[in-house]
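Each structure below appears as structure tokens.
First chain A sits with chain B, and in the next complex the same chain sits with chain C.
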Partner chain A sequence: MAQKMTIKKVGIPKSLYYFFYPDLWKTFFETLEIEVILSESTSRKTIELASSVAESENCLPIKLFDAHILELIDKVDVLFVPRIISTIKKHCSCPKLSVLPDVARILAPGKVITFEINENKIKLISSLQKFAQELGFSNSIAKKAANRAVNATKKHTEEKEQSKKTEASFFIVSHPYNLYDDYITGPVIKKLKKMNISYEIIEFKKEKRKKDAIRWDTCGEMNDNLFQLDPEKCKGVIQISSFNCGCDSVMLETSRSVLKEKSIPFIVLIIDEHSALAGVDTRLEAFIDSVRWKNEQNCNS
Partner chain B sequence: MNKIAIPNMGNYSIAFAAIADAMGATPWISPTTPEIVKLGYEVSPDSLCLPFKIFIGHFIKAAEEGVEYAVMVNGNGPCRLTYYRQLLQKILDERGLKMHIFGLGDTGIKPPIIKHYDPPFFKFWRGALWALQKMFLIDEIEKLAWKTRPREIKKGETSTVTNQCLLELEAAKTGIEISILKSKIFERFTAININTDKKVLKVALVGEASVLRDKYLNHSMEELLGGLGVEVVNYFLLGVELKNIFFPHLSGKHSKKHMLEIAKPYLQTKVGGHALDSIAHSIICGEDSYDGVIHLCPSGCMPEISIRPILRKVSSDYDLPVLECSFDEHTSHVGLVTRLEAYIDMLYDRRKKNGKEHNT
Partner chain C sequence: MKKKVYLGVDVGSISINLLVIDSNDTVLFDSYIRGQGNPIAAVQKGLKELEQNIPDDVEISGVCVTGSGRSLIGAVVGADIIKNEIMAHARAAIHLHPDVQTILEIGGQDSKVTIIRDGVVVDFAMNLVCAAGTGSFLDSQAKRLDISIDELSNKSVLSENPTDIAGRCTVFAESDMIHKQQVGHKQEDILMGLCHAMVRNYLSNVCRGKEIKTPILLQGGISANKGIGRAFSEALKADITIPQYNMVMGAFGAALIAKNATIKQTRFRGFDIADHSIATGSFKCKDCSNLCEVIEILDSNEVIGRSGGRCGKWENSYETT
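== the complex of A and B ==
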């Protein structure tokens, strides 16, 4: 494992786990006095790089991950890439997230630092602490970094919770790395704003849930949220899903039946590196118009 | 009506049929056909993977013929398979088809399927033992076929013998009959005229189980390659799988633990499905100087696709050419054959070149 003194700059790709654990990694490394270099936000350039280097049958988020890693390689001493097995107890993550460090090592040999996130075995706060120790830090510093990091991400979630608008008519679900990547979800939000539509974006609480139809962590939580929607308040659900996303392909079957039962209109916007979100505009508009029309009909009758 | 539908697992279907028999059920097994594929694609959500569509195709076909039960493995890993039994059942129910799907694996010592059929203890275990015997014999037959086919003088003879043996194995009803057949099989294969001097290539097939085993889905890849003068090794072995499910501590060399050990420099997790196996087996092939590895997977298969970059690294480190094949209902036979031929030509060229290099 790399020694404490050798790591001055750590690179974190602005993809996947960066969005899944907001503020966590930056706080963690900065407490260890390691400078954090983030890759640039996803742009047309990232997408182009991703489609030229990444495995073509993969989903967009994983392709983007490759591109973000490539962008960082020469700017940093090491790259941070965790192995994600499970982010919520009794659940599991998408299998593609379990191979990230192995794939990153091929792109950046000798430069990857990693640890395993597996809440089924060990709590994140403890595994973070162990990770810092492996990097050569003392017990107390490691503990401090882990605590601060976990608190930072908690705070982030709480603040978001508080700033939540109350009356939203549309509900947007997707994986965190799609939702918070402006290049991916931005056009949807822009469109909604332009149409003067109120919306709410799903918040991931990462809490252990009771019994679930879906064991995948993020998909399960999305599904759970859909179960709880109130048809009186929610006028429609917009799901952003990556082409070739295996988890979504299963989850969509449950979402569809849940929403159908509640009679909540549902649209799935599929993204890939070619379309990104072009064409989404018109589909979204048509969807919203149809929902409005339906509501007017209901009011009139 | 006591029939039970069993998904196609290539030659292994024979062993599954024997198990059903032991339970006192009549197996319903069909080769995958264009009709079944069509049925499957019509009712399946587009984005689900090939095995799902094929399973449901078989089950619907069976249900339409009045079969009321079906069986499949229960996944419990991070992959989609975990949800498939439920989703398949839902499709059947929605279409008003009266079929119940039993899940196998991870359901304790007396899974629902055994409870349902409740076979007499002795009869069941005797039958299960015969089924196991059949399974191992299927492996023997296949291994002989893999070795003989590329060297046969009369084209097609190996396949004829293989099919004959499999038919007789299917018909064998008792342990004694199976043993008698066993002694005959070896003789039959040695009776095939072969060119012993022929230099054949050795290529392994690794990847996802259903495309490795269902000959319709993989376009009879073993036979195609044999015809091109290639000795094939198919790395999906049912015996190994069963051991890994039921007696993991007994599976030794093929246990997931051992494979993690082998794959460690490249891959340090099980991923899901057979992705770890794909990497570990490719490394083994690299060490054993195979000429090449063909990686078969359904289009968009989560675990197998996610390890492709790793597979490429193994390929370059071991100087082991890997051909990647994704399968779905659109896979063109002509296209596949062309790719295989080009790949095999390339392997022959490498042999020649490497041979020369050795001489200088």
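== the complex of A and C ==
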């Protein structure tokens, strides 16, 4: 057994994997009696820091990751940054997620703790347990932490499922780190509420999927969700995509074709750090107007 | 009793357009004013002109404001409806050409394509962050060649052998254009080349994946440019229709929207706002770490509207719907 490290405070950036696995990391470290410090939610300040330090060719979520890490560095003993290879068996994740610890080490040398998430090789619950052991915890404590952590995220998803209200007319899709970051999705939701539009946000279940599914984990789940939409109920789909997203550049065309086949109106909103809300407002208004107009026409004829 | 008329205002990045229709959809007044970065002064000028040019026996009974500056100017004039420009342009296009299937609309900073089937908007797209496929591209190139935009329009159509110019980015286009000048290409060929570059750019960026069917209308400020019409027609191998009121279609659509809405009592603030001293101010809200810039519109030091701020608490008096 490895020498137990004395970690009092671990920092977790509220970006990327934080949104992939809600409640999981906090539960895990707290069971190990390590205090968890989360970075503050993304704000204008985060965006400004991100655009001043991050490589300009990157997508917004990756830039934000850098800023969240920087915010935490001086507040914690270590930063937790997993290496994400795959979150669903037989699938792979965005390749940028597989080098996050390496990037974090440049920003915070000697302060990064990491383990590999690769469902192709080993289940998350087992890799978590191994990780806790590597940090110097006993078998039984490691097992307890891994179990609790995985259950916490399961519970979170179940509660969300149950709290679902009546059927929504518009469906919002994006990667989890865009969708659940209020700073990114907030303006879209605010606008929809203002226009009295009922909406639903895609859930990521990380369940086993069909053989012919798209093998990029989040893209595949988004695509599956679009496939299941009922054109009778769903009036439109809004996809939020970050400028320069490599996965989306390949996958948007599949969303478009799936929805075209179903005759469901579709719009892509591109986001970047310039936060041009006027653009989002105009596009969303016109999108909703066109859908309403079409429905009125159908009702009249 | 006074005759009811309806005012449409389109506040774009380059121009402010006003148009008034009566209850039979007849256009009584239209104007196209270059804003020069001061939309408030431009709309005041427009209102003054309007007051002088419409008959005395009419009364503004509804106002709709559209365009990228719609919320600001909406508060200034007292809009009953604030509508996005895509819907406004589509209303006017369908009104004048009920069989229209595609609207190509290029403005100063925005360019859009709107797909219409059976008189209803079914799809649209707008340019992304870059202004390369918009009117400002031609404006800046004309400036660089030291000719007016009218000359550009008239000269470009004389070209027999348009020069190939890289138009993906204004910076590249400029260096390419300088090179072509230096190796001796005729000016009209270069100008037509620019039009082709812009149209190519627009078609590959904005119209990607869209089914462009005839009848096709070309509207917005750039539709006055003959070279652009020719370039579209050649690229799409189709006839391009430039509608009547092509320069002010957004304002026309807005006026139609105002007329068709049920407005009991207009919020129009009257022609005398042209003489008010209206200014904008701003402050940084420090209530959270977003530090939003909040814009205030002041009419003789009284706040008539606020905008900006992510949380929405400052947007008290006017909103876009």
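FYI, the second predicted complex is superposed on the first by the 291 of 301 C-alpha atoms of A that agree within 3 Å, B and C clash if a C-alpha of one lies under 4 Å from a C-alpha of the other, contacts with A are read in each partner's own complex, and residues count from 1 in each chain.
We take it that a contact is a pair of C-beta atoms (placed from the backbone, for glycine too) under 8 Å apart; a residue touches a chain by one contact, two chains touch by 3 or more.
Keep in mind that this is a model prediction, so the values were computed, not measured.
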Quick check on the superposition: with chain A as the shared anchor, is it clash or fit for chain B versus chain C? fit
Just to be sure I read the superposition right, which of the two partners does A:93 touch: chain B = first, chain C = second, or both, or neither? first
Which partner chains sit in contact with A:215 here, chain B, chain C, both or neither? Use first/second/both/neither. first
With both complexes superposed on chain A, which partner does A:44 reach: first (chain B), second (chain C), both or neither? second
Looking at A:187, would you say it contacts chain B, chain C, both, or neither? Reply first, second, both or neither. second
After superposition on the shared chain, which partner residues are touched by A:274: those of chain B (first), chain C (second), both, or neither? second
Under the superposition described above, what is the C-alpha centre angle at chain A formed with chain B and chain C, rounded in steps of 10 degrees? 80
What is the contact status of A:62 with respect to chain B (first) and chain C (second): first, second, both, or neither? first
Contacts of A:233 with chain B and chain C, given as first, second, both or neither: neither
Considering the aligned complexes, could you tell me the closest Cα pair distance between chain B and chain C in angstrom? 5
Does any part of chain A touch chain B in one structure and chain C in the other, and if so which residues? 253
Partner chain A, residues of chain C touching it in the complex: 68, 83-87, 118-124, 126, 128-129, 209, 288-292, 310, 312, 319-321
Chain A contacts chain C in the complex at 40, 43-45, 183, 186-187, 190, 194-195, 243, 253, 256, 265, 270, 272, 274, 276-279, 281-283, 285-287, 289-290, 293-294, 297
Per the touch rule above, chain A residues touching chain B in the complex are 55, 57-58, 62, 83, 85, 92-96, 98-99, 101-103, 106, 214-216, 244-250, 252-253
Considering only the defined contacts, which chain B positions touch chain A in the complex? 45, 47-49, 77-80, 82-83, 87, 90, 266-273, 275, 299-303, 305-310, 312-313, 326
